[in-house]
Structures are given as structure tokens and as C-alpha cells.
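Look at the two complexes coming up: chain A is in both, with chain B in one and chain C in the other.
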Partner chain A sequence: MSAIIEELDPERRDVELPTDAAPAPDTERPRRVIRSRRPGGPNTRKPGDWLVLAVAVVLGFFIAVPFLLILVNSFKSPADYNTSGPLTLPTEFYFDGIVAFWERVNFPEKLWNSVFISGLVAVFAVLISMFNAFALGIGRVKGRLWIVVLILLANMLPQEVLLYPLYFMFKEAGLYDSQWAVIIIFTVIQSAFGTYLLASVYSTFPRELLEAASLDGASRWQILWRVVYPISRPTLSVLLIFFFIWTWNEFLIPLTFLVSNATQTVPVAITVLQGDRLMDVTTTSASALLGLIPTLVFFLIFQRTLTRGITAGAVK
Partner chain B sequence: MSALDTRAATTIEATDAAGGGRRSRRRPAGTEDGLIPGARRSTYWLYLVPGLALLAVIVVVPLVWNVYLTFTEYRGIRPPEWIGLENWVELMGDRVFWTSFGNSIAMILAMVIVPTLLGLLLAAMLFDLIGRKFGGKLASFLRATYYLPQILPAVIAAIVIGWILRPQNGALNQVLEAIGLGELQHNWLGSPDTALPSLMVIMVWVQLGYPIVIFMAALQRVDPELYEAAELDGANWFQRFRAITLGMIRPEIFVVTLTCTIAALKVFGPVYALTGGGPGTSTIVPAYYAYSEFFQSQQVGYGATIATALTVVIAAVSVLFILAQHRMEKKEAER
Partner chain C sequence: MKHTRTLAVAASVAALGLALSGCSGSDAGGDENTLRLWHYEGADSAMGIAWAEAIEVFEEETGATVEFEEKSFEQIRSTASQVLNSDEAPDLLEYNKGNATAGLLSSEGLLTPLDDVVDEYGWGDQLAPALQTTAKYDENGIMGSGSWYGVPNYGEFVQVYYNKDAFAEAGVEVPTTLAEFEDVMQTFADQGTTPLAESAAEYPLGQLWYQLALSEADRQFVNDYQLYENPVDWSGDEISSATETVKDWVDAGYISTDASGLKAEDAGVSFISGDAPIFYSGSWWYGRFQSEITDFEWGTFLFPEAELSPGSAGNMWVVPERAQNKELAYEFIDITMRPEIQALLGNNGGVPVAAEEADITDEKSKELIANFNALNDMDGISFYPDWPTPTFYDELNAGLQELVNGTKSPSEVQQQLGEQYQSGVDDIVG
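Then we have the complex of A and B:
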């Protein structure tokens, strides 16, 4: 958000670099001393440090416990659960809960729906973001500031405020209960964020490259695809992944627009079945397990990209 | 709504990434030209056409339409009938509406205040104590553990905890019974006295990893020698925390509190999945109230009014935050 302000007020840009550190103690003098006997390091672990570590580990355990409970109990039969409770390992592996839920929601279909919607949204939204940012960041069209503000609005609004008109419009257009409605809506919402991010990245694009390409007679369209696109590909791929996961996790709009079973996404299908007659205690656990596995898998696959994204700004 | 997931996290990267570029940005004389020489700027508009056209259809038109609906009585069948400010007057006197905003305050406590404070403490602990004395690997591992609930869709996270809180045979009640505290067994999400607190605990669990990850990333900007020097000068942990940590990561604190506050005001999925606003109206939030007016009561005009009021509140909060941050940074710059 702070970037918005900077966008609005370019004069302030230089002021807020993080060099204005804290009330910095005089680091010049003791530096040599520090090097020779660093106060950190394993040799100086005090009892208090172990206590802090213990607190941190216990907290981590409490945060992880729900996941472990879900994992353990998804493979129990309800009878097993009732006799031995939630904390023990299953006496024998019981797959009926998972299988029953898998078949009841037709899980592969829901997975495919989610992949289809999230994948298309990610690609379309990156494309639109790139076009917008090309005009705003590199083309610097007039009034770009207001366009950026307008675009950001799309990302900040509570979706409820768009819900009924969109519902009505898509119904009229015959796209209600169609995945295309969800794809179109999220393309706009995600590309709003992408435009905001990319426009500021592109506004610092190396001018020499663009000038050289232009001297070589490249048209603007060619410059976009042969110079700007390849150079910004790392940023674009981070956006692609984030758009995919955000769209995957969305709930309100898919819930409203995808009413029939065959079109629903994974989170919607799992949520609407909670409290269903079929859902005994371990089947409910299995449903939660099936809901969390895909995102866990993405996290493991894209972990590097995600952490790189999160810490990208911090290395400087 | 899972707006709190990584979306907000990326805002920070965006801010940072942009910041990195900005530093190296040269502002040549002809700033008002595009970066490609010789091309007229106006023709760039072609590239904005698809994006802006979609934005107009999907955001601008529905937004205006929604505001129009707030002045109508509309049940989704016969055309909307203009009733002026009646919805707004009704809204101001609507106890359920005020309850829903009261619950939003509870959500802000659970999704902003507690996670930010705890997150600050934990991030500083992981970074400057555990990371330094027990190794970065352990610190990263703990950070990843804290972050785990954040990667799930918010509804799924809610279902995970909801399962533990099941009334008859939920894990929590079973455990209570097993350790002889059977009389503490409770229908956690189903009784008016514990439904909201339970929901709040769930949201703290969901939310905590986000500030930790952001703050730890921010802390990497800090020169470790700063801590070491302060430690040599006899500053205790808390003094170092206050003087160095808080000072350094203030921009991130602002971003985290703003994005989390917006997310807390918008929260919908967990309420839908766990309580449906109940029992009674004890866990109703504005987003859920609007949804139920739209699709359960078919009071579209009134639902639109709730949604619009929520938007106004979110916009006001954002503006206030950004102004406060602006003022603070200005003061900083003057020092």
C-alpha cells in the first residue's frame, strides 16, 4: 500500500529508503571487537535462550496439531474413532471415508474444475496485466495515476458489492452456472493487482534496451514481445503462480456462480457438503484432508518461488 | 474470504520490488514521454483497451448499479422500485447490522491486533535469538510451520478446526473427556456464548503466519551488527526490540495492519462454512449478512445497502491508514 502513496507523490521517493535505520548505536568503534567475539553463536546459549526456543517449538506444535489430527483421523473408521479417540493412530488403515467422499463429490472432476479455472485466470490475467503495464509503465500514458487508482479499486472492493449485479448480468448473458463467468471475473480482479505491480516494475525498465530496439526498427508490438516480455519473465511467472493459487482459494464468487455440482471448485464442493448426512466424523476429516492436499502440494512445488517472492525485497 | 492469504503478502513484495527499482530509476529530462523514443504516447491507449473494457464491465458498472439498488426495493423478480433513502434509514436502526459490525471488531481483534502483536514478538524471537543462536535452518523451519494455515483456502482451514470442535465427538471434547475434564465439554460453535470466541481462535490460527513471514523478511534488512553492537553496549533484548526492530520494520507493520484490517472486515468464508452467522446472530458479519439478504431473504436492495456500507467503511479505513502512514513518514523525514 505504501507504494500507492509513493506513486501519488514521486517527490517523496528518495526519503523513505530504509537507510533511516533505527537510532543507530555507534557501530564504527566496536566493530573490530564484535568480529573477534560475537555475542551470538552457539557458545553463548543461556538458559533463557533455551526457554524461548521451547516456547517457539511448543507454539509451532500447537499450530501443526490440527493438521496432524486430520491426517491421523482420516484413515480411521468411525467405530475406531469412537472407541480409541482422536489422538491414537488408526488400528488399521480405513479408506472408506476418503473413498466415500471422493466418490460423493467426484473429486477428480472438482480438481479439474479448479485447475481449469485457476489456470486460465492466471494466464489471462498475466496477459492483461502485461498490456496494461506496458501502456502505463513504459508508455506513460496521460492520466496513468488515476488509471492505476481505478484499477486498484477493483482489488480492494469487497466482492459483495459486485455480487448481485454480476449475478444478474451473467444470468442475462446465459453464463450463470458457467465457469466462464468465474474466469472472466477473476481475470479482472487478479489483473488489477498485476497491473499495479507490473506498472511500477516497467516504469524502471532499462531505457537503453528500449532505445536500441527502437533504433533497430522494431515496432512497439515487437518490443513488447521480444524485449519487455523476456526480460520481465521472472516477475511474470511469480504473478502467474500467485494468480493461480489466489483463484484456487477464492470462495464467495465461485459459491454464488457455480451452483450445479459439475461446475464446482474444490473449496466450494467440500464446503457445501459439510453437515451432509454422509458426513460422519472420519469422513468429514477426510474431506478436510482432500481439501488441503492440493494447496499443500502447490506450496511444496512452488515453495522456492513463493519464498523468493516474499523475501525478494528484503535482500537489498 | 481468503483475501488474507498470500495476496496481501505480495503487496509487500510489490512494494519492495518497486522500491528496489525506484532507487535506480533515472528521471531523464523528458519524463513525460514514454520510455520508447519516437512513439507518440497516445497510441499506447490501444494496449489499455482490453483491460479497461473488462474493468468497466466487471467492476465499474456493477459498482454503480449496486449503489443504485440501495435506493430501491427489489426482490429479484419485478423491476426495482425506487424508495429513496428507506433502506439506509432502516439500516441505521437495524440491530442485526450493528451486531455484524460489532463482530467485525471482534474479527479485527482476532485477525489484526493479536496476530500483529504476537507476530512481532515471534518474528523478532526467531530472527534475532533463535536464528542467531540455534541456526537459521531451525528458524526457517519454525517459520514454515507457523505459516502452514495460511496456504490453505480460508474455508478449508475453517473446516479443519471446525472438525476438531464438532459438538458430540469432536477431538477437543474427546480429549477433554479423556483427561477428566468432561464437564468442560461444550458445543463450541453451536452455543451463543462460545461461538464467536471459537471463531476468533480459528482466525488467529489462520492469520498468525502472515505477519511472521512478512516481518522476518523485513528484518533481513537490518544489519546484524546493529544488534551485536547494541548488545555489547548493554541493551537488553526488549530495548533492542524497541529501538532497532520496531524502528526498522515500521513500513511492514503498516502494510500488515492495513491489509489484515481489510481482510477482517471482508471475512466471509469461515463464517459461511462454520456457523452461518449463528446461533442466532452471534457470529454474523457484514459480508455474510449481505450475502444472506441477497440470496436467502431475496431482499436485494437491502443486501446492496449492507454491501455498500461495508465498502464505505473499508474505503474510509484505507484512507485513514494511508494518511497516518504518510504523516508518520513525513515526520520521520523531517527529523
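Then we have the complex of A and C:
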């Protein structure tokens, strides 16, 4: 119930992210109450505040422009686009572009493929990151710095470099044109970043807790699942969301490895609309909108987890 | 609580995924009676319609089934060499013509040489000589000679689109000479209209420039420029007149200086919306103009006085070396070359390579195909200005942008282009 109240409370977004150890929601609440009762209240902002606000609004506008253009053009008929160009509002709502794209690429199938791949990658990559980070950050194995650097190479190398070796490897393994190729590749790539990040989070993990647990006779496996996992869960959730969205938006490797139409993801399906010489602006916009909505919905559902901050949830 | 929920949702997604993963993955067709076919033409396009009919005819006549997948141009362009080198290779696919695409794959041994099949079915007689150029590649993958590796099914060429209503209003006729063409444009310019829809950021202005050079040129110039038979004189009559004419047309207001920042799409839209009465561009716009221009009459004509114009065979059928049912693929190609399928392609706004004009019933398409056939009868298909080297497309656009902006003079631009062209050609010819 309290979660719903918080969600309905618009002021919640004004709270700055805590930079020190994150306070639990209960300690946040009184602080906000005090602030809104500050003498003068929000109506007597200083000129500096207004300037910051104005700059933020302008920046926000520029960030939103591409999205707004997609939105405007998705619902425009080609005739409307030809006479008035990309910047004006549509004269009437036109859904044919969206319907045409939906049917042409069998969108539900592509949507499912994307959810399937991104979902599995997110879960697997978080799991592997956690195991790796447990060994590197808490277990403090020898040469951990170099192990982390080595793992990070997977992230630093441009995907174009990886493409051919991966192609030959997976062809030999019989996994070319299989979604498992993409799942394995991105699990490795995403968990490289996850390992790096989690290892540094875990290296600041309070030793007292670990020592207390081992004094109580917990095995390493139990320490991981009973102590480390529950406490770092907020960080793991954030990683899960990032991995999902990043994998969703991947293009080059899915394009290469998913040969059959039935296995393809949403970003790959969108390219069907780009011809040799012609482009269809309104249908392309519609397809971009369709491709973007799922990640947007996913983000909105989980955004409260995101705002919790990536380093949140150390010791309560 | 919330975190548990997040992870629970993710875990159930994963579990569902694992449960259903049995139905993903793919079966590479090994069936002897299945033709695996890929192309990237939209279902509503001329080629899409004609080839859908060809699939039906094929299934009826051979009893085989066609497993068709519509691919994206982008996917075939960037992954063909990998797919064709694997067991996932289809039996037949539409692939891009040119040295960097079909030429490269043929030199790597990924495409089946088709010489015997072409003789057997007689496709060579159906295709005009200039259309065969892009179907043949030598052992280094350079087009124009060597073995057949592809069979083009449609053509494309560049012509003048004009707004009939705007012409009538301005009181001008379709020009038959270059001088008349300039008079027409002058009339529009005097009335405050920029006559030519142009784009220098993409291919349109480069093709106009090439057309102006071709107006002064003969077939040997095309062979020198495209097939590297002799060195091209970049300060000769052909190229000087092209570069200077573009400059004159910009100065006279026939081409807007804004064109340097515009894309092909912008130029096309300015013709569709009626802002510009003349658009010099390719037959690939034809279908779109037909469906999207509703408020004025429009027509086409070949560039005045031109005996050579940019154009080529379209993308073509290729048979991968690792295809499993090559015979079926050849039969399918032959069906797409039949007059009735070619006529279907023509009646839907495409440019068939082997159609009888008499079979074309659609009035507008008749004009288009008559233009193409006229050009072919003159042996006038001259390819595109950016073909000779892999980087010349961007170099040509950059040079012409500077010409339109006025930052460089015609002689500076053509000297710069000449050096870039020559260094690119030297890399290829060695």
C-alpha cells in the first residue's frame, strides 16, 4: 500500500538521489516533509533556480525531439507527409503504417523473440555476474585486477571485430541461425560489464557480516545466497533492467546470427523497411514506435527500481 | 518486496522462454522438393507482385513447394557472405549487382557460375548487352566479362519526371533539345519557381552531373569510365561541360543552393508536393509517384538529346554454390523471365528486362517501358557515376556540394574528383 502512495506522489521525483549510503524510504519521508515546509516554499525560487530549470527544460526538449518526431510521423499518411513535411502535426490519425508494418513482419513473433532473448540474457548475465563478482570482490582471488581487465575486454572490443571469429565458432558448434548463439554471446558481453561493476560493489561489502555468517557455520554457497544476494538485490535488479534494455536494442550480432525470419528480433525486423534507394518515412516511424514501446513500458514498470540507484542497498 | 517482484517477473519470463524454446531455432531445408527463396522486394512493389505470381506458377508446374522469406535489403547486404558460406544458404536469392557485392562473392566461389544454364534457357538473348554487364564477373570479381553469375529480372534507369499541370500553367512544352530544356527551366525561374528538385547530399545531383557528361560522350567514354579500358581525361570536354553546366544552372537559379544539404527523399518529396516541377531521377521512384501523387498530372521523358543515360540492370537472381536444389532454382528463374510475368512486373510500375511493349496495358507504365526500351535500343544504359570505386559515391557528393555552395570552382572540383577517381581505380586495377 505504501508503495502505491509513493507512486502517486509526484513530489517523489524531486528528491535527489542520495550519494552516501541510501536511506530507507522511511527516513526519506520526514526529510521531504521538512523541506516542503521550508520558509517561502517552492514559490520563491532564486533566479539561479529558474535558470537551472530553464536549462533542464531545454535539454529535456532536445532529448525528446527524436521521440516526438517519431510519434508525430507514425500517425501521418504518406500524402500528409508529402505535403506538409516531417515537422507538422498529422491532420488526421492514420494507423495504416503501423498496421502494415505489424502484418508485414509478423510483429508478435518478433516481439516474443526479443523478449525471449533479452529476458534470458538478462537473467543469465546477472547470475554469472554475481558468481564472478562473489569470487573477485568477496573471495579476493589472486590477480583479480587482471581477471577483471581480461573480462572487460569483451566489452571494450567493438562488435565488428568479434563478428567473424564468433561466426566461425558458432558455425562449427552448429548454432548458426539459432537464438542460443545470440543468447550466449550477449550473456558473456553483458556479464563482463556486470562482473566489473559488481566486483567493485562487493569489494566494499562489510566484512563483519561475512565473518559473522561464517562463524555461524555458513558455507560459501550459503553466504552467497543468504547474505550477499539479499543485500545486493537492488543492484542486481538494476543490472537486470539494463541488460534487458541493452540486449533488446542490439542490432549487428542479431542481424548476423538470426538468419531465418522466424528467429529475428524487433530491431532486425525494422530494417525490412529500408530499401535499396527509397525510404518510407511514415512506416519507418511507425515501426520505430512499435519497437520502442516495449522497452518504454518495461522501463516505466521498473523505473522505481532504477531510481533507487546502482550503489544502493549496502548495509541497512 | 518490489525487488522480489522484479526478479520474479524476470525469472518467469526466463522459465517461459525455456519452456517454449523448443519451437524456436530453424530447420535448414534439405528437402528435394522445396525451393528456398529469398528476396527483399515489398509485397506491394512491382517485383513483389510479379514474383508472387511466379511462385504460384512454379508450384503448379513443378509440384515443388516454395519456402519464401522476405529479407531486408540491409540484412542481405551485410550478411550475405556469411550466410552463403553456411548450410543455411537458400537455393535462390535476389542479390545486389556490382563489384563489391556479387563480384566479391563470385571471386570467393560462393556463387554458382551460370554459363551453361544461360545457354540452355536462352536468357542471354533476352537481355540487352548493357544489361548483361552486371551479370558477368571475371575471376577478380570485376564486372563486364567472364562467367555469368546472376540473371537480372528488372531494370532501372534515370529519366526526367515533370509536372504536366505546372508545364501547362507556365505555357511550356516537353523539351526535345538541351537548349529547349534550359528555356523551360528559365521560364520557371523567371516566375520565381526553382524548377529542378535536387539533392547534393545524396545521389540525385551526381547522376545529373553524370548525365551532362554523357550528353557529350560516346560509348567508349562509358567503357573507359566504368570498365577502366583507358584512362579518363578529367579536364576533357565531357567532364568539363558537366561540371560547368551544373555551376551555370546553380547560378541561373535552376538548382537551389539549398540542394547541398538535401537528401534524395527531400528532393522526391518536393516533386510529389508540387513545389518543384521537374525531377531528374531514377525509375525506382515511379511506383511511389504513381500511388502518392494525386493532385496533379505528371509524365516522364528521357533527358533531352541524350543517347546515353545512367541506368543498369536491377538486382539479380543468384544461385549460391552451396544451394541444395539448383535445378529448381534455374526453373524458377526461367519462369520469372517469361513474357507474362515480365508484363505483370511492367504493369505494376516496374521496368521489365524482357517485356513486349504490346503486353503492357497500363498507360503510364507504357511510357516508362517505352523510354527504357528506347534507351536499350540505342545501347544507352551507362551505369552510375559512383560505381568505379568503393569510395567515389561520397567523394562525388562532397565535390558537388562544394560546387553548389560556391566554395570551389568547377575546375578545382573536377581536378579533385579526378585525383580521387584515379587513386581508387589504381587500387583496383593495380
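Rule of thumb we're sticking to: the second predicted complex is superposed on the first by the 210 of 316 C-alpha atoms of A that agree within 3 Å, B and C clash if a C-alpha of one lies under 4 Å from a C-alpha of the other, contacts with A are read in each partner's own complex, and residues count from 1 in each chain.
FYI, a contact is a pair of C-beta atoms (placed from the backbone, for glycine too) under 8 Å apart; a residue touches a chain by one contact, two chains touch by 3 or more.
Here the structure is a predicted model, which means the values were calculated and not measured.
Undergrad: In the superposed model, does chain B or chain C contact more residues of chain A?
TA: B
Undergrad: Once the shared chain is lined up, is A:Asn113 touching chain B (first), chain C (second), both, or neither of them?
TA: It touches chain C, and chain B stays clear.
Undergrad: Determine, under the contact definition given at the top, whether A:Ala79 touches first (chain B), second (chain C), both, or neither.
TA: In the superposition, A:Ala79 touches chain C alone.
Undergrad: By the touch definition at the top of the document, which applies to A:Val99: first (chain B), second (chain C), both, or neither?
TA: In the superposed model, A:Val99 contacts neither chain B nor chain C.
Undergrad: Contact-wise, after the overlay, does A:Val297 reach chain B, chain C, both or neither (first, second, both, neither)?
TA: Touch partners of A:Val297: none, neither chain B nor chain C.
Undergrad: Kindly classify A:Leu240 by the partners it touches after superposition: chain B alone (first), chain C alone (second), both, or neither?
TA: second
Undergrad: Quick one: classify A:Leu68 as touching chain B (first), chain C (second), both or neither.
TA: In the superposition, A:Leu68 contacts neither chain B nor chain C.
Undergrad: For A:Val281, using the defined touch cut-off, is the partner it touches chain B, chain C, both, or neither? Pick first, second, both or neither.
TA: Both: A:Val281 reaches chain B and chain C.
Undergrad: A:Asp49 contacts which: chain B (first), chain C (second), both, neither?
TA: first
Undergrad: Touch check for A:Leu255: first (chain B), second (chain C), both, or neither?
TA: After superposition on chain A, A:Leu255 lies in contact with both partners, chain B and chain C.
Undergrad: Would you mind listing the overlap between the chain B footprint and the chain C footprint on chain A?
TA: 3, 81-82, 85, 167, 255-256, 271, 274, 281
Undergrad: Which residues of chain C touch chain A once you look at their complex with the stated criterion?
TA: Answer in residue numbers: 1-4, 6-7, 10-11, 13-14, 17-18, 20-21, 24-26, 28, 40, 42-43, 69-75, 78-79, 82-83, 86-88, 96, 203, 264-265, 269, 272-273, 282, 284-285, 288, 291-292, 294, 315.
Undergrad: For the complex, which residues does chain A have touching chain C?
TA: These residues of chain A touch chain C: 3, 78-79, 81-83, 85, 104, 113, 115-116, 119-120, 122-124, 167, 171, 176-180, 233-234, 236-237, 240-241, 244, 255-256, 259-263, 268-269, 271-279, 281, 302, 304-305.
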